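In what follows, a single structure is set out as structure tokens and then discussed.
When the chains are written out, they are named A, B and C in that same order, and each has its own residue count from 1.
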Amino acid sequence: MGFECPVPIQDYDTVTLAHGGGGKVTHRLIEQVLVPALDNPALRELHDGAVVRWEHGALAFSTDSYVINPPFFPGGDIGLLAVNGTVNDLAMCGARPRYLSLAFILEEGFLLKDLWRIVVSIREACQALELSVVTGDTKVVERGKGDGIFINTTGIGERLPGAEISPRKIAPGDKLLLSGPIAEHGIAIMSVREGLKFETDLESDTVALWPLVEAMLNRAGRQIHALRDATRGGVASVLNEMATAGGVGVVLDESAVPVNESVKGGCELLGLDPLYVANEGRFVAFVAADAAEEVLAVMREHPLGRESCLVGEVVAEHARVVRLRSRFGGSRVLDMMSGEQLPRIC
Amino acid sequence: MRYVDEYRDPRAARRLVAEIRRTATKPRQIMEVCGGQTHTLIRYGIDELLSGAVDLIHGPGCPVCVTPLEKIDRALAVASRPRVVFATFGDMVRVPGSDGDLLRAKARGADVRIVYSPTDALALAEKHPDREVVFFAVGFETTAPANAMSVWMADKKGIENFSILVSHVRVPPAIRIIMDDPYSQVQGFIAPGHVCSIMGYREYEELAREYDVPFVVAGFEPLDLLQGLLMLVELMEEDRAVTRNQYTRSVRPDGNPQAKKIMNEVFEICGMTWRGIGPIAESGLRLRDRFAHYDAERRFDVESVKAEEPAACIAGAVLQGKKKPHECEAFGKECTPEHPLGAPMVSTEGACSAYYAFRKFEDVDHGV
Amino acid sequence: MCLGVPGKVLEVTHTELGITGGKVEFGGVVKEVNLSYTPEVEPGQYVIVHVGFSISTLDEDEAQQVFRYLKEIGELEGLDAAGGED
């Protein structure tokens, strides 16, 4: 099917201040580049806001901004991240993603062909989930005042009936499930940053998790107490957040947490602890003890969850503290990360 | 990962712990010199597993921690100069100077970049001929050959827009300071395995004879340290003040001749002030005259600022093994990784940071 | 201090200026490493790498010494088997 790149028909090959001006140049960008890529009835209205039908139950609502540099990396790009990230936040609420808003802040000089690549990524990600971008915005800032491209996506979704997800539901005895090997995204990004380059291409794990979450909710409904994707700060930080929000203690079994060999090599080389490295397509689930085995089976049956595993449990002791059961048999406190984890030589 | 995973085997570790406990007829005071070794011992709970048999005193082997305050201040001054690209290892960016750290300087507009290797910094100089690239050359003898090579290569290639800010320290003089202290409790040393991979261990044989204490050169994985501690306890039981090598897969008695050669071509020994400890004779390295034009402090004519450390910081006592981090009044309160008063709380291998990160379960304040 | 990681040498190149460089693999990740301090190393051998430089060639026979010792004191039975002591 002819889905041609319309950039050559533009008068410019880079983003200019005129593109953000609101005049003809802006309209050409929207009508000839953005709308055709993301096409749907609401977007075609090109009105200030979108009005959509809502016949579903509870509405889930989430927003996130994406500033990653470099914008293109092994395993994806900022556009893909912008869709997956917000879809996953909705999924963590037990909600099927329905509509997205999409806002760009572009730096003067950003290549239009790069913008096109990103828009195509967004289009493909949305199509795969039957998700529509129904409204958006484009602004341009002067050269030097942005980092190429920033994206904000806000998503609304319909919470599945039977989903009742909240940290307050986490209870002692709950089992902790992890959806796959960790630290891939963070290491992938570091490995392409100047000064740290690896020769090997380690791919980001960015992926839209809704289909996996849906399968889990359909099987176990209310017995899934809480979900959280382990983005910035890694698994360790997320578990701390949940322990605090739920007012419970969490125990994590160090040897149960999967880390792929190359990621482990990258972490060793840079002196990083995988438990604190960012993920984009992994989440933890707090599940009622008697449903845990079944939920784990459902996860493993799904293509997105083949490497899921049981990694810990919730306890009544040491409320709000995460304890790591080390492979040596002892245990230590697994604290929240302080600041940003940096590569080290010592 | 080969040559890593097998050295972390829990069963083997437990066996070595049992053997150490069986061998020590009384509690032994042992100092592990290197911060990386401290990190492993605390992370894997080895200090706990050996309590009663071995009392571990953490040594000053954290080059980040001992970098003098004025070197940090000079680094901050240079980083803030126009056109400068300041390249550094990640370890240094949160070490507090008199007025903030490199991360804060970056937030204020300095071009501070984290690199993995000194050759990455040199590559930046080649890539940006219109900028002045300065590399913060910090470390013990382990890192000196790499830092030396960056200058050596710059010289051979005629790269002029590159310089290094040197803060190198040597281990043996620090051991003398510790042993010269009449109140020292140290009865034996675990010597640093990667420093010795470069330098060999002849200097430690000399120290063993001079101070009548045993040394064992050990690696960094749990089994390395446990085996090293076992070897050291055995020597102490036999009352033998000699030097042994546990890390034989990497350390040779005379070290690495090629590395020493370039190191000696580029650097010479000088006196150095260790943060928290004070001046130690012959304990540092500086660029030789032939390479002096690569010295960033000279090139940027940076004035040193005499500043005072926060009074509450007892880094010196901790680095010399006289106090443990949790014995400091500010530990975990005014002094945390987010708001450090001194370097050992920031550096990943500083004793204070290791204690804080891996703090024992029982110390945690519940329900606050 | 001194994060030194063992890696397998894949390729060795001798450049201008007499610098030896190469590609070293760390559990699946390959990185360019300066091998000037282990100039005689060959592909297939292991080196210990610190800040992008090899600081020593890993002696594979010596690497086994701690396991030989453990065997001597009678501990390696069951080390590779599933199960065993908790």
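In this text, a contact is a pair of C-beta atoms (placed from the backbone, for glycine too) under 8 Å apart; a residue touches a chain by one contact, two chains touch by 3 or more.
Here the structure is a predicted model, which means the values were calculated and not measured.
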Mutual neighbours - chains that touch subunit A and subunit C alike: B
Of A-B and B-C, whichever chain pair has more C-beta contact pairs: B-C
Middle chain, criterion being Cα centroid separation: B
Euclidean distance of C-alpha centroids - subunit A vs subunit B, Å: 38
CA centroid of subunit B to CA centroid of subunit C, Å: 22
Of all residues in subunit A, the ones touching two or more other chains: 261, 264-265, 268-269, 271, 344-346
For subunit C, residues contacting two or more additional chains: 1-3, 5, 26-27, 50-51
Residues within subunit B bordering two or more other chains: 1, 4, 14, 35-36, 62-64, 89, 116, 120, 139, 143, 349
Interface residues, subunit C side, partner subunit B - complex: 1-6, 8, 17, 19, 26-27, 34, 36-39, 46, 48, 50-53, 55-56, 58-60, 62-63, 65-67, 69-70, 73, 75-76, 78-79, 84-85
Residue numbers on subunit B that touch subunit C, as the complex places them: 1-4, 6-7, 9, 11-12, 14-16, 19, 34-36, 61-64, 89, 116-120, 139-140, 142-143, 145-146, 149, 153, 156-157, 192-195, 197-198, 220, 223-224, 227, 246, 248-252, 256, 258-259, 262, 349
Contact footprint of subunit B on subunit A as seen in their complex: 194-196, 261, 264-265, 268-271, 318-321, 323, 326-333, 335, 338-339, 342-346
Contacting residues of subunit B [partner subunit A, same complex]: 1, 4, 8, 10, 13-14, 35-36, 43-46, 48-49, 62-64, 87, 89-91, 93-94, 113-116, 120-121, 124, 139, 143, 222, 336-338, 347-349, 356-361, 364, 366-367
For the subunit A and subunit C complex, residues of the former touching the latter: 191, 197-200, 202, 260-262, 264-266, 268-269, 271, 344-346
